[in-house]
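In what follows, structures are represented as C-alpha coordinates.
Across the two complexes that follow, chain A remains constant while its partner is chain B and subsequently chain C.
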Partner chain A sequence: MYKTTGFISFLFRRVSGVALVLYLFMHIWVIGAANGGAEAFNARMAVLQAPLFRILEVALLTAVIYHGFDGIRLLIVHWFRVTEYRQSLFYAMFVLFVLVSIVGGVPLLLFALEGN
Partner chain B sequence: MRVFIMQRLTAVALVLFLTLHMIVVHYPPGHLDFSRVIERLANPIWKGIDILFLLAVLIHALAGAYAVLMDVERVTPYKRALIGGSIILGVVAFVYGAMTILAFDPSALLAVN
Partner chain C sequence: MANHEPTQKATIRVQRFNPDVDPKPYLATFEIDITGDTTILDALELIKGTLDGSLTFRRSCRHAICGSCAMNVNGRNMLVCNRRVNALLDRQGRVTIRPLPYLPIIKDLVVDRSSFWEQYLRVKPWLIPPATNGGPMTGEYHVLPEEVEALKMAETCIMCGACYSACQVVAMNKQYIGPHALLKAFLRVLDPRDAAPAERLANVGGEDGVFRCHTIFNCIDACPKGLDPTFAIETLRKLAQKRQAFEADRLERQKSL
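And then the complex of A and B:
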(Lines of atoms letter the chains of each structure in order from A and count residues from 1; the text may use other names and numbers.)
(Lines give C-alpha, C1' and ligand atoms only; values in the text may rest on other atoms or scores of the structure.)
Protein backbone atom coordinates (compact mmCIF):
# COMPACT_ATOMS: atom_id res chain seq x y z
CA MET A 1 0.00 0.00 0.00
CA TYR A 2 2.74 2.43 1.00
CA LYS A 3 4.56 2.01 -2.31
CA THR A 4 1.60 2.67 -4.58
CA THR A 5 1.49 5.88 -6.63
CA GLY A 6 -1.89 6.61 -5.03
CA PHE A 7 -0.37 6.68 -1.55
CA ILE A 8 2.71 8.64 -2.63
CA SER A 9 0.55 11.21 -4.39
CA PHE A 10 -1.78 11.47 -1.36
CA LEU A 11 1.15 11.85 1.08
CA PHE A 12 3.00 14.48 -0.99
CA ARG A 13 -0.21 16.41 -1.64
CA ARG A 14 -1.09 16.47 2.05
CA VAL A 15 2.41 17.41 3.21
CA SER A 16 2.72 20.16 0.57
CA GLY A 17 -0.82 21.32 1.41
CA VAL A 18 -0.13 21.65 5.14
CA ALA A 19 3.16 23.47 4.40
CA LEU A 20 1.34 25.84 2.03
CA VAL A 21 -1.41 26.59 4.58
CA LEU A 22 1.25 27.57 7.14
CA TYR A 23 3.06 29.63 4.51
CA LEU A 24 -0.17 31.38 3.47
CA PHE A 25 -0.81 32.80 6.94
CA MET A 26 2.84 33.87 7.31
CA HIS A 27 2.62 35.50 3.87
CA ILE A 28 -0.54 37.43 4.81
CA TRP A 29 1.23 38.65 7.97
CA VAL A 30 4.44 39.63 6.12
CA ILE A 31 2.67 41.53 3.34
CA GLY A 32 0.43 43.08 6.03
CA ALA A 33 3.33 45.42 6.82
CA ALA A 34 1.92 47.53 3.98
CA ASN A 35 -0.80 48.62 6.41
CA GLY A 36 1.95 50.54 8.22
CA GLY A 37 2.97 52.39 5.05
CA ALA A 38 5.57 52.07 2.32
CA GLU A 39 8.59 52.34 4.67
CA ALA A 40 7.31 49.59 6.98
CA PHE A 41 6.64 47.35 3.98
CA ASN A 42 10.07 47.97 2.44
CA ALA A 43 11.79 47.31 5.78
CA ARG A 44 10.05 43.95 6.16
CA MET A 45 10.68 42.98 2.54
CA ALA A 46 14.39 43.84 2.97
CA VAL A 47 14.63 41.11 5.63
CA LEU A 48 13.31 38.61 3.07
CA GLN A 49 16.11 39.45 0.63
CA ALA A 50 18.50 37.28 2.70
CA PRO A 51 19.83 34.30 0.67
CA LEU A 52 18.14 31.83 3.05
CA PHE A 53 14.67 33.19 2.27
CA ARG A 54 15.40 33.31 -1.45
CA ILE A 55 16.43 29.64 -1.43
CA LEU A 56 13.31 28.83 0.61
CA GLU A 57 11.35 30.47 -2.21
CA VAL A 58 12.53 27.68 -4.52
CA ALA A 59 11.24 25.08 -2.04
CA LEU A 60 7.96 27.00 -1.87
CA LEU A 61 7.70 27.03 -5.65
CA THR A 62 8.22 23.25 -5.89
CA ALA A 63 5.55 22.68 -3.21
CA VAL A 64 3.10 24.92 -5.10
CA ILE A 65 3.83 23.22 -8.45
CA TYR A 66 3.50 19.70 -7.00
CA HIS A 67 0.28 20.51 -5.13
CA GLY A 68 -1.20 22.29 -8.14
CA PHE A 69 -0.29 19.68 -10.74
CA ASP A 70 -1.40 16.75 -8.60
CA GLY A 71 -4.63 18.62 -7.91
CA ILE A 72 -5.20 19.08 -11.65
CA ARG A 73 -4.54 15.35 -12.13
CA LEU A 74 -7.18 14.54 -9.52
CA LEU A 75 -9.69 16.88 -11.17
CA ILE A 76 -9.07 15.19 -14.54
CA VAL A 77 -9.45 11.69 -13.05
CA HIS A 78 -12.71 12.54 -11.28
CA TRP A 79 -14.39 14.79 -13.83
CA PHE A 80 -13.56 12.70 -16.89
CA ARG A 81 -14.00 9.41 -14.98
CA VAL A 82 -10.67 8.03 -16.13
CA THR A 83 -9.65 6.21 -12.95
CA GLU A 84 -7.99 3.49 -15.04
CA TYR A 85 -5.41 6.08 -16.19
CA ARG A 86 -4.70 7.59 -12.78
CA GLN A 87 -1.30 5.89 -12.48
CA SER A 88 -0.16 6.93 -15.97
CA LEU A 89 -1.44 10.43 -15.27
CA PHE A 90 0.58 10.47 -12.04
CA TYR A 91 3.80 9.67 -13.93
CA ALA A 92 3.00 12.26 -16.60
CA MET A 93 2.19 14.81 -13.89
CA PHE A 94 5.44 14.02 -12.06
CA VAL A 95 7.55 14.57 -15.20
CA LEU A 96 5.75 17.89 -15.79
CA PHE A 97 6.24 18.84 -12.13
CA VAL A 98 10.01 18.22 -12.39
CA LEU A 99 10.31 20.13 -15.69
CA VAL A 100 8.28 23.15 -14.56
CA SER A 101 10.12 23.20 -11.21
CA ILE A 102 13.44 23.38 -13.08
CA VAL A 103 12.21 26.06 -15.49
CA GLY A 104 10.70 28.11 -12.65
CA GLY A 105 13.28 27.31 -9.97
CA VAL A 106 16.53 28.00 -11.86
CA PRO A 107 15.86 31.75 -12.36
CA LEU A 108 14.95 32.04 -8.64
CA LEU A 109 18.06 30.12 -7.63
CA LEU A 110 20.31 32.21 -9.89
CA PHE A 111 18.78 35.38 -8.42
CA ALA A 112 19.37 34.01 -4.91
CA LEU A 113 23.03 33.19 -5.67
CA GLU A 114 23.79 36.39 -7.58
CA GLY A 115 22.40 38.41 -4.69
CA ASN A 116 21.34 41.45 -6.71
CA MET B 1 -19.96 17.51 0.83
CA ARG B 2 -20.17 21.31 0.73
CA VAL B 3 -16.55 21.51 1.91
CA PHE B 4 -15.55 19.10 -0.87
CA ILE B 5 -17.32 21.20 -3.53
CA MET B 6 -15.81 24.44 -2.21
CA GLN B 7 -12.39 22.77 -2.29
CA ARG B 8 -12.83 21.72 -5.93
CA LEU B 9 -14.25 25.04 -7.18
CA THR B 10 -11.53 27.09 -5.49
CA ALA B 11 -8.90 24.65 -6.82
CA VAL B 12 -9.92 25.51 -10.39
CA ALA B 13 -9.94 29.24 -9.58
CA LEU B 14 -6.49 28.95 -7.98
CA VAL B 15 -4.94 27.35 -11.04
CA LEU B 16 -5.80 30.58 -12.88
CA PHE B 17 -5.13 33.06 -10.05
CA LEU B 18 -1.85 31.48 -8.97
CA THR B 19 -0.48 31.19 -12.50
CA LEU B 20 -1.32 34.85 -13.07
CA HIS B 21 0.18 35.83 -9.69
CA MET B 22 3.46 34.02 -10.35
CA ILE B 23 3.84 35.53 -13.83
CA VAL B 24 3.10 39.14 -12.90
CA VAL B 25 4.65 39.27 -9.41
CA HIS B 26 7.56 36.83 -9.27
CA TYR B 27 8.97 36.63 -12.82
CA PRO B 28 11.49 37.81 -13.73
CA PRO B 29 12.80 37.52 -10.13
CA GLY B 30 13.76 40.83 -8.53
CA HIS B 31 13.61 42.91 -5.38
CA LEU B 32 10.02 43.44 -4.33
CA ASP B 33 9.37 46.79 -2.73
CA PHE B 34 6.37 49.07 -2.32
CA SER B 35 6.99 51.00 -5.55
CA ARG B 36 7.23 47.80 -7.62
CA VAL B 37 3.98 46.42 -6.15
CA ILE B 38 2.16 49.73 -6.60
CA GLU B 39 2.95 49.77 -10.33
CA ARG B 40 0.41 46.97 -10.67
CA LEU B 41 -1.92 47.64 -7.75
CA ALA B 42 -2.53 51.27 -8.73
CA ASN B 43 -5.02 49.73 -11.14
CA PRO B 44 -8.31 48.94 -9.29
CA ILE B 45 -8.88 45.88 -11.52
CA TRP B 46 -5.72 44.28 -10.11
CA LYS B 47 -6.89 45.09 -6.59
CA GLY B 48 -10.17 43.28 -7.37
CA ILE B 49 -8.34 40.30 -8.86
CA ASP B 50 -6.06 40.07 -5.80
CA ILE B 51 -9.01 40.25 -3.37
CA LEU B 52 -10.77 37.42 -5.23
CA PHE B 53 -7.49 35.48 -5.22
CA LEU B 54 -7.22 36.01 -1.44
CA LEU B 55 -10.80 34.78 -0.95
CA ALA B 56 -10.25 31.66 -3.08
CA VAL B 57 -6.92 30.75 -1.47
CA LEU B 58 -8.30 31.16 2.07
CA ILE B 59 -11.34 28.96 1.33
CA HIS B 60 -9.10 26.34 -0.31
CA ALA B 61 -6.52 26.40 2.50
CA LEU B 62 -9.02 26.23 5.34
CA ALA B 63 -11.16 23.56 3.65
CA GLY B 64 -7.97 21.55 3.05
CA ALA B 65 -6.77 21.96 6.63
CA TYR B 66 -10.25 20.96 7.83
CA ALA B 67 -10.16 17.78 5.70
CA VAL B 68 -6.68 16.87 7.00
CA LEU B 69 -7.68 17.47 10.64
CA MET B 70 -10.94 15.53 10.28
CA ASP B 71 -8.84 12.48 9.36
CA VAL B 72 -7.29 12.63 12.83
CA GLU B 73 -9.41 10.47 15.11
CA ARG B 74 -8.93 12.67 18.20
CA VAL B 75 -10.12 15.78 16.35
CA THR B 76 -13.27 14.27 14.78
CA PRO B 77 -15.54 14.87 17.87
CA TYR B 78 -14.74 18.61 17.67
CA LYS B 79 -16.10 19.00 14.15
CA ARG B 80 -18.37 21.97 14.94
CA ALA B 81 -15.66 23.83 16.87
CA LEU B 82 -13.26 23.22 13.98
CA ILE B 83 -15.75 24.62 11.46
CA GLY B 84 -16.44 27.65 13.68
CA GLY B 85 -12.74 28.28 14.27
CA SER B 86 -11.98 27.96 10.55
CA ILE B 87 -14.70 30.47 9.64
CA ILE B 88 -13.46 33.00 12.23
CA LEU B 89 -9.84 32.56 11.12
CA GLY B 90 -10.86 32.86 7.48
CA VAL B 91 -12.89 36.05 8.04
CA VAL B 92 -10.10 37.70 10.09
CA ALA B 93 -7.43 36.76 7.53
CA PHE B 94 -9.63 37.93 4.66
CA VAL B 95 -10.37 41.32 6.24
CA TYR B 96 -6.70 41.86 7.15
CA GLY B 97 -5.51 40.69 3.71
CA ALA B 98 -8.06 42.84 1.87
CA MET B 99 -7.02 45.87 3.97
CA THR B 100 -3.42 45.14 2.98
CA ILE B 101 -4.27 45.01 -0.73
CA LEU B 102 -6.17 48.30 -0.44
CA ALA B 103 -3.22 49.85 1.47
CA PHE B 104 -1.18 49.75 -1.75
CA ASP B 105 -2.31 53.22 -2.66
CA PRO B 106 -0.19 55.59 -4.78
CA SER B 107 -0.69 58.34 -2.18
CA ALA B 108 1.22 56.20 0.38
CA LEU B 109 4.23 56.23 -1.95
CA LEU B 110 4.01 60.01 -2.41
CA ALA B 111 4.06 60.39 1.38
CA VAL B 112 7.48 58.66 1.45
CA ASN B 113 8.91 60.68 -1.45
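And then the complex of A and C:
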Protein backbone atom coordinates (compact mmCIF):
# COMPACT_ATOMS: atom_id res chain seq x y z
CA MET A 1 0.00 0.00 0.00
CA TYR A 2 1.40 3.37 -0.98
CA LYS A 3 -0.26 5.65 1.56
CA THR A 4 -0.53 9.29 0.51
CA THR A 5 -3.36 11.84 0.61
CA GLY A 6 -3.96 10.92 -3.03
CA PHE A 7 -4.37 7.29 -2.11
CA ILE A 8 -6.68 8.09 0.82
CA SER A 9 -8.87 10.28 -1.38
CA PHE A 10 -8.93 7.53 -4.02
CA LEU A 11 -9.90 4.89 -1.47
CA PHE A 12 -12.74 7.00 -0.02
CA ARG A 13 -13.89 7.90 -3.54
CA ARG A 14 -14.07 4.24 -4.52
CA VAL A 15 -15.81 3.13 -1.33
CA SER A 16 -18.35 5.98 -1.46
CA GLY A 17 -18.91 5.35 -5.19
CA VAL A 18 -19.62 1.66 -4.69
CA ALA A 19 -21.84 2.47 -1.70
CA LEU A 20 -23.85 4.91 -3.84
CA VAL A 21 -24.33 2.31 -6.56
CA LEU A 22 -25.59 -0.17 -3.98
CA TYR A 23 -27.89 2.50 -2.57
CA LEU A 24 -29.30 3.02 -6.07
CA PHE A 25 -30.54 -0.58 -6.19
CA MET A 26 -32.28 -0.08 -2.87
CA HIS A 27 -33.71 3.22 -4.07
CA ILE A 28 -35.16 1.54 -7.15
CA TRP A 29 -36.56 -1.26 -5.00
CA VAL A 30 -38.39 1.29 -2.83
CA ILE A 31 -39.56 3.57 -5.63
CA GLY A 32 -40.54 0.55 -7.74
CA ALA A 33 -43.18 -0.29 -5.12
CA ALA A 34 -45.17 2.68 -6.41
CA ASN A 35 -46.15 0.48 -9.38
CA GLY A 36 -48.16 -1.63 -6.96
CA GLY A 37 -50.22 1.32 -5.81
CA ALA A 38 -50.21 3.68 -2.83
CA GLU A 39 -50.61 1.00 -0.20
CA ALA A 40 -47.73 -1.14 -1.42
CA PHE A 41 -45.53 1.95 -1.54
CA ASN A 42 -46.51 3.02 1.98
CA ALA A 43 -45.87 -0.48 3.27
CA ARG A 44 -42.38 -0.50 1.80
CA MET A 45 -41.66 2.99 3.09
CA ALA A 46 -42.68 1.85 6.55
CA VAL A 47 -39.80 -0.63 6.50
CA LEU A 48 -37.43 2.31 6.12
CA GLN A 49 -38.67 4.02 9.26
CA ALA A 50 -36.54 1.68 11.38
CA PRO A 51 -33.73 3.49 13.29
CA LEU A 52 -31.09 1.58 11.30
CA PHE A 53 -32.22 3.16 8.04
CA ARG A 54 -32.38 6.60 9.61
CA ILE A 55 -28.73 6.23 10.61
CA LEU A 56 -27.89 4.88 7.16
CA GLU A 57 -29.45 8.01 5.71
CA VAL A 58 -26.72 10.02 7.43
CA ALA A 59 -24.13 7.67 5.93
CA LEU A 60 -25.74 8.16 2.52
CA LEU A 61 -25.53 11.92 2.91
CA THR A 62 -21.83 11.82 3.83
CA ALA A 63 -21.08 9.49 0.91
CA VAL A 64 -22.85 11.82 -1.54
CA ILE A 65 -21.09 14.89 -0.14
CA TYR A 66 -17.67 13.24 -0.18
CA HIS A 67 -18.06 11.85 -3.68
CA GLY A 68 -19.38 15.15 -4.96
CA PHE A 69 -16.70 17.35 -3.46
CA ASP A 70 -13.94 14.95 -4.47
CA GLY A 71 -15.32 15.01 -8.01
CA ILE A 72 -15.19 18.80 -8.02
CA ARG A 73 -11.59 18.66 -6.77
CA LEU A 74 -10.66 16.34 -9.62
CA LEU A 75 -12.45 18.52 -12.17
CA ILE A 76 -10.36 21.45 -10.93
CA VAL A 77 -7.22 19.35 -11.43
CA HIS A 78 -8.34 18.22 -14.91
CA TRP A 79 -9.28 21.68 -16.13
CA PHE A 80 -6.52 23.77 -14.63
CA ARG A 81 -3.81 21.08 -14.29
CA VAL A 82 -2.92 22.48 -10.85
CA THR A 83 -0.98 19.41 -9.75
CA GLU A 84 1.30 21.48 -7.50
CA TYR A 85 -1.69 22.29 -5.25
CA ARG A 86 -2.72 18.66 -4.88
CA GLN A 87 -2.27 18.58 -1.09
CA SER A 88 -3.99 21.93 -0.41
CA LEU A 89 -6.87 21.00 -2.74
CA PHE A 90 -7.39 17.72 -0.91
CA TYR A 91 -7.36 19.34 2.52
CA ALA A 92 -9.69 22.14 1.37
CA MET A 93 -12.06 19.56 -0.08
CA PHE A 94 -11.92 17.48 3.10
CA VAL A 95 -12.67 20.45 5.37
CA LEU A 96 -15.63 21.40 3.16
CA PHE A 97 -16.81 17.79 3.23
CA VAL A 98 -16.67 17.65 7.03
CA LEU A 99 -18.41 21.03 7.45
CA VAL A 100 -21.24 20.27 5.05
CA SER A 101 -21.63 16.78 6.50
CA ILE A 102 -22.05 18.26 9.98
CA VAL A 103 -24.51 20.90 8.77
CA GLY A 104 -26.56 18.28 6.94
CA GLY A 105 -25.95 15.26 9.15
CA VAL A 106 -26.68 16.64 12.62
CA PRO A 107 -30.35 17.58 11.88
CA LEU A 108 -30.81 14.19 10.18
CA LEU A 109 -29.33 12.43 13.19
CA LEU A 110 -31.50 14.42 15.63
CA PHE A 111 -34.53 13.60 13.51
CA ALA A 112 -33.58 9.93 13.57
CA LEU A 113 -33.12 9.90 17.35
CA GLU A 114 -36.36 11.76 18.04
CA GLY A 115 -38.04 9.21 15.86
CA ASN A 116 -40.72 11.24 14.07
CA MET B 1 36.57 10.08 1.78
CA ALA B 2 37.48 10.58 5.40
CA ASN B 3 34.66 11.52 7.65
CA HIS B 4 35.47 12.68 11.17
CA GLU B 5 31.94 13.12 12.40
CA PRO B 6 31.02 11.04 15.42
CA THR B 7 29.24 7.83 14.54
CA GLN B 8 25.83 6.78 15.75
CA LYS B 9 23.97 3.49 15.81
CA ALA B 10 21.18 2.84 13.36
CA THR B 11 18.86 -0.09 12.88
CA ILE B 12 18.36 -1.02 9.26
CA ARG B 13 15.47 -3.34 8.52
CA VAL B 14 15.70 -4.90 5.08
CA GLN B 15 13.08 -7.02 3.41
CA ARG B 16 14.68 -10.31 2.40
CA PHE B 17 13.30 -12.88 0.02
CA ASN B 18 15.02 -15.77 -1.68
CA PRO B 19 12.41 -17.48 -3.87
CA ASP B 20 14.32 -20.79 -3.73
CA VAL B 21 14.19 -21.00 0.07
CA ASP B 22 11.73 -18.57 1.63
CA PRO B 23 7.97 -19.13 1.48
CA LYS B 24 7.37 -15.39 1.73
CA PRO B 25 9.34 -12.15 2.26
CA TYR B 26 10.45 -11.29 5.79
CA LEU B 27 12.24 -8.38 7.47
CA ALA B 28 15.85 -8.85 8.54
CA THR B 29 17.35 -6.43 11.06
CA PHE B 30 20.93 -5.12 10.97
CA GLU B 31 22.69 -2.82 13.44
CA ILE B 32 25.30 -0.58 11.87
CA ASP B 33 27.31 2.53 12.69
CA ILE B 34 26.50 5.56 10.57
CA THR B 35 27.79 9.08 10.26
CA GLY B 36 25.86 12.12 9.10
CA ASP B 37 26.90 11.40 5.53
CA THR B 38 25.96 7.73 5.35
CA THR B 39 23.41 7.22 2.60
CA ILE B 40 20.90 4.37 2.52
CA LEU B 41 22.96 2.83 -0.28
CA ASP B 42 26.13 3.12 1.85
CA ALA B 43 24.27 1.31 4.61
CA LEU B 44 23.26 -1.48 2.22
CA GLU B 45 26.83 -1.76 0.92
CA LEU B 46 28.09 -1.89 4.52
CA ILE B 47 25.66 -4.69 5.36
CA LYS B 48 26.58 -6.60 2.22
CA GLY B 49 30.32 -6.09 2.80
CA THR B 50 30.55 -6.81 6.51
CA LEU B 51 27.39 -8.51 7.82
CA ASP B 52 25.68 -10.54 5.12
CA GLY B 53 27.17 -11.00 1.67
CA SER B 54 24.00 -12.57 0.33
CA LEU B 55 22.02 -9.32 0.47
CA THR B 56 20.99 -8.51 -3.10
CA PHE B 57 20.13 -5.09 -4.53
CA ARG B 58 20.64 -3.06 -7.69
CA ARG B 59 22.89 -0.02 -7.78
CA SER B 60 25.26 1.56 -10.22
CA CYS B 61 26.21 5.22 -10.49
CA ARG B 62 25.67 6.51 -6.90
CA HIS B 63 24.91 9.94 -8.39
CA ALA B 64 21.12 9.70 -8.72
CA ILE B 65 21.24 9.55 -12.49
CA CYS B 66 21.27 5.88 -13.50
CA GLY B 67 17.93 5.00 -11.90
CA SER B 68 19.06 1.58 -10.68
CA CYS B 69 18.63 1.94 -6.94
CA ALA B 70 14.98 2.97 -6.62
CA MET B 71 13.57 1.27 -3.52
CA ASN B 72 10.83 1.74 -0.99
CA VAL B 73 12.18 3.30 2.20
CA ASN B 74 9.78 3.81 5.12
CA GLY B 75 6.87 3.41 2.72
CA ARG B 76 8.07 5.91 0.13
CA ASN B 77 9.76 5.19 -3.20
CA MET B 78 13.08 6.95 -3.66
CA LEU B 79 16.61 6.57 -4.94
CA VAL B 80 18.64 5.26 -2.03
CA CYS B 81 21.96 6.68 -3.23
CA ASN B 82 21.11 10.33 -2.52
CA ARG B 83 19.18 9.98 0.74
CA ARG B 84 20.89 10.02 4.13
CA VAL B 85 20.10 7.45 6.75
CA ASN B 86 19.91 9.89 9.66
CA ALA B 87 17.28 11.98 7.86
CA LEU B 88 15.07 8.92 7.43
CA LEU B 89 15.27 7.34 10.89
CA ASP B 90 11.83 6.81 12.38
CA ARG B 91 10.93 7.34 16.07
CA GLN B 92 12.55 4.06 17.04
CA GLY B 93 15.78 4.99 15.22
CA ARG B 94 15.08 2.55 12.40
CA VAL B 95 14.98 2.64 8.63
CA THR B 96 12.90 0.08 6.76
CA ILE B 97 13.98 -0.77 3.23
CA ARG B 98 11.72 -2.77 0.93
CA PRO B 99 11.77 -3.44 -2.81
CA LEU B 100 9.59 -1.32 -5.10
CA PRO B 101 5.98 -2.26 -4.32
CA TYR B 102 3.52 -3.98 -6.67
CA LEU B 103 6.26 -5.59 -8.78
CA PRO B 104 7.34 -9.25 -8.69
CA ILE B 105 10.39 -9.76 -6.46
CA ILE B 106 13.34 -11.60 -8.01
CA LYS B 107 15.44 -11.59 -4.85
CA ASP B 108 15.64 -9.36 -1.77
CA LEU B 109 15.45 -5.78 -3.07
CA VAL B 110 15.59 -6.64 -6.78
CA VAL B 111 12.27 -6.52 -8.60
CA ASP B 112 11.25 -7.69 -12.06
CA ARG B 113 10.79 -4.57 -14.17
CA SER B 114 9.68 -6.35 -17.35
CA SER B 115 6.20 -4.82 -17.31
CA PHE B 116 7.76 -1.38 -16.80
CA TRP B 117 9.79 -1.71 -20.01
CA GLU B 118 7.02 -3.43 -21.97
CA GLN B 119 4.68 -0.54 -21.26
CA TYR B 120 7.45 1.91 -22.11
CA LEU B 121 7.82 0.41 -25.60
CA ARG B 122 4.08 0.68 -26.19
CA VAL B 123 4.28 4.48 -26.47
CA LYS B 124 7.15 4.31 -29.04
CA PRO B 125 9.46 6.44 -26.89
CA TRP B 126 11.70 7.37 -29.82
CA LEU B 127 11.37 10.46 -32.02
CA ILE B 128 9.55 9.96 -35.34
CA PRO B 129 11.06 12.60 -37.65
CA PRO B 130 9.21 14.18 -40.59
CA ALA B 131 9.29 12.06 -43.78
CA THR B 132 12.17 12.80 -46.11
CA ASN B 133 10.88 10.63 -49.00
CA GLY B 134 13.59 8.06 -48.43
CA GLY B 135 16.50 10.48 -48.72
CA PRO B 136 18.72 11.72 -45.91
CA MET B 137 17.65 14.69 -43.82
CA THR B 138 19.00 17.99 -45.02
CA GLY B 139 19.49 21.04 -42.86
CA GLU B 140 18.77 21.19 -39.15
CA TYR B 141 15.82 21.60 -36.83
CA HIS B 142 15.03 24.97 -35.36
CA VAL B 143 13.15 24.62 -32.11
CA LEU B 144 12.07 27.73 -30.24
CA PRO B 145 13.28 28.26 -26.65
CA GLU B 146 9.69 28.27 -25.36
CA GLU B 147 9.06 24.93 -27.06
CA VAL B 148 12.09 23.48 -25.30
CA GLU B 149 10.93 25.04 -22.04
CA ALA B 150 7.58 23.23 -22.26
CA LEU B 151 9.42 19.90 -22.33
CA LYS B 152 11.70 20.62 -19.34
CA MET B 153 9.21 18.99 -17.00
CA ALA B 154 9.53 15.63 -18.79
CA GLU B 155 12.96 15.26 -20.27
CA THR B 156 15.01 14.63 -17.15
CA CYS B 157 13.31 11.31 -16.39
CA ILE B 158 15.92 8.66 -15.49
CA MET B 159 13.58 5.62 -15.83
CA CYS B 160 14.05 4.48 -12.25
CA GLY B 161 10.54 3.03 -11.92
CA ALA B 162 9.66 4.88 -8.69
CA CYS B 163 6.50 6.43 -10.19
CA TYR B 164 5.41 3.25 -11.96
CA SER B 165 5.68 1.20 -8.81
CA ALA B 166 3.95 3.84 -6.65
CA CYS B 167 0.96 4.02 -9.00
CA GLN B 168 -2.20 2.51 -7.53
CA VAL B 169 -3.64 1.96 -11.01
CA VAL B 170 -0.59 -0.09 -12.03
CA ALA B 171 -1.06 -2.09 -8.83
CA MET B 172 -4.57 -3.02 -9.88
CA ASN B 173 -4.14 -3.25 -13.64
CA LYS B 174 -0.86 -4.25 -15.29
CA GLN B 175 -2.30 -3.33 -18.72
CA TYR B 176 -2.17 0.37 -17.79
CA ILE B 177 0.59 2.13 -19.71
CA GLY B 178 1.88 3.82 -16.56
CA PRO B 179 3.10 7.29 -15.60
CA HIS B 180 6.68 6.81 -16.86
CA ALA B 181 5.59 5.92 -20.39
CA LEU B 182 2.86 8.57 -20.50
CA LEU B 183 5.42 11.17 -19.44
CA LYS B 184 7.59 10.05 -22.36
CA ALA B 185 4.58 10.16 -24.69
CA PHE B 186 3.98 13.74 -23.52
CA LEU B 187 7.61 14.56 -24.32
CA ARG B 188 7.27 13.20 -27.87
CA VAL B 189 3.81 14.60 -28.56
CA LEU B 190 4.88 18.11 -27.59
CA ASP B 191 8.19 17.90 -29.43
CA PRO B 192 7.81 20.08 -32.56
CA ARG B 193 10.14 17.73 -34.47
CA ASP B 194 7.90 14.72 -34.00
CA ALA B 195 5.76 13.83 -37.05
CA ALA B 196 3.21 11.43 -35.57
CA PRO B 197 1.42 13.17 -32.68
CA ALA B 198 -2.07 12.01 -33.80
CA GLU B 199 -1.01 8.36 -33.79
CA ARG B 200 0.60 8.78 -30.37
CA LEU B 201 -2.46 10.55 -28.98
CA ALA B 202 -4.75 7.84 -30.34
CA ASN B 203 -2.54 5.29 -28.60
CA VAL B 204 -2.37 7.00 -25.20
CA GLY B 205 -6.02 8.04 -25.44
CA GLY B 206 -7.01 4.37 -25.77
CA GLU B 207 -8.27 1.88 -23.25
CA ASP B 208 -5.03 1.47 -21.28
CA GLY B 209 -3.92 5.09 -21.55
CA VAL B 210 -4.43 8.47 -19.92
CA PHE B 211 -8.11 7.96 -19.12
CA ARG B 212 -7.22 5.04 -16.83
CA CYS B 213 -5.38 7.44 -14.52
CA HIS B 214 -7.31 8.06 -11.29
CA THR B 215 -5.36 11.25 -10.48
CA ILE B 216 -3.95 9.86 -7.25
CA PHE B 217 -0.67 11.85 -7.64
CA ASN B 218 1.51 9.08 -6.22
CA CYS B 219 3.75 9.39 -9.30
CA ILE B 220 4.56 13.01 -8.48
CA ASP B 221 5.18 12.23 -4.82
CA ALA B 222 7.45 9.32 -5.72
CA CYS B 223 9.54 10.95 -8.47
CA PRO B 224 13.12 11.49 -7.22
CA LYS B 225 13.67 14.04 -9.98
CA GLY B 226 10.67 16.20 -9.07
CA LEU B 227 8.90 15.58 -12.37
CA ASP B 228 5.16 15.79 -12.84
CA PRO B 229 3.66 12.83 -14.73
CA THR B 230 0.13 13.82 -13.69
CA PHE B 231 0.50 17.17 -15.46
CA ALA B 232 1.66 15.27 -18.56
CA ILE B 233 -1.34 12.94 -18.33
CA GLU B 234 -3.76 15.85 -17.94
CA THR B 235 -2.20 17.56 -20.96
CA LEU B 236 -2.44 14.39 -23.05
CA ARG B 237 -6.09 14.02 -22.03
CA LYS B 238 -6.86 17.43 -23.44
CA LEU B 239 -4.86 16.89 -26.62
CA ALA B 240 -6.23 13.38 -27.22
CA GLN B 241 -9.66 14.87 -27.78
CA LYS B 242 -8.47 17.11 -30.62
CA ARG B 243 -5.65 15.04 -32.06
CA GLN B 244 -6.44 15.64 -35.75
CA ALA B 245 -6.36 19.41 -35.31
CA PHE B 246 -3.20 19.07 -33.23
CA GLU B 247 -1.48 17.04 -35.97
CA ALA B 248 -2.55 19.58 -38.63
CA ASP B 249 -0.96 22.34 -36.53
CA ARG B 250 2.17 20.20 -36.14
CA LEU B 251 2.55 19.67 -39.90
CA GLU B 252 2.15 23.40 -40.42
CA ARG B 253 4.78 24.03 -37.73
CA GLN B 254 7.22 21.59 -39.33
CA LYS B 255 7.27 23.56 -42.58
CA SER B 256 9.36 26.11 -40.69
CA LEU B 257 11.65 23.62 -38.94
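The rule we apply is simple: the second predicted complex is superposed on the first by the 115 of 116 C-alpha atoms of A that agree within 3 Å, B and C clash if a C-alpha of one lies under 4 Å from a C-alpha of the other, contacts with A are read in each partner's own complex, and residues count from 1 in each chain.
Operating definition for what follows: a contact is a pair of C-beta atoms (placed from the backbone, for glycine too) under 8 Å apart; a residue touches a chain by one contact, two chains touch by 3 or more.
All of these numbers come straight from a predicted model, not from anything done at the bench.
Once chain A of one complex is fitted onto chain A of the other, the partner contacts of A:Ser88 are absent, as it touches neither chain B nor chain C. In the superposed model, A:Phe7 makes contact with chain C only, not with chain B. In the superposition on chain A, A:Val18 contacts chain B only, with no contact to chain C. Once the two complexes are overlaid on the shared chain, A:Val77 sits against chain C while remaining clear of chain B.
Taking chain A as the reference, the larger set of touched residues comes from B, when chain B and chain C are compared.
Comparing the two interfaces of chain A, the one with chain B and the one with chain C have no residue in common. Considering their complex, residues 1-7, 9-10, 74, 77-78, 81, 83-84, 86 of chain A touch chain C. The part of chain A that touches chain B in the complex is made up of residues 14, 17-18, 20-21, 24-25, 28, 31-32, 34-35, 37-39, 41-42, 45, 48-49, 64, 68, 71-72, 75, 104, 107-108, 110-111. Taken together, the chain C residues at the contact with chain A in this complex read 75, 77, 101, 166, 168, 171, 214-218, 220-222, 228, 230-231, 234-235, 237.
Across the complex, chain B meets chain A through its residues 8, 11-12, 14-15, 18, 22, 26-35, 37, 57-58, 61-62, 64-65, 68, 93, 96-97, 99-100, 103-104, 108-109, 111-112.
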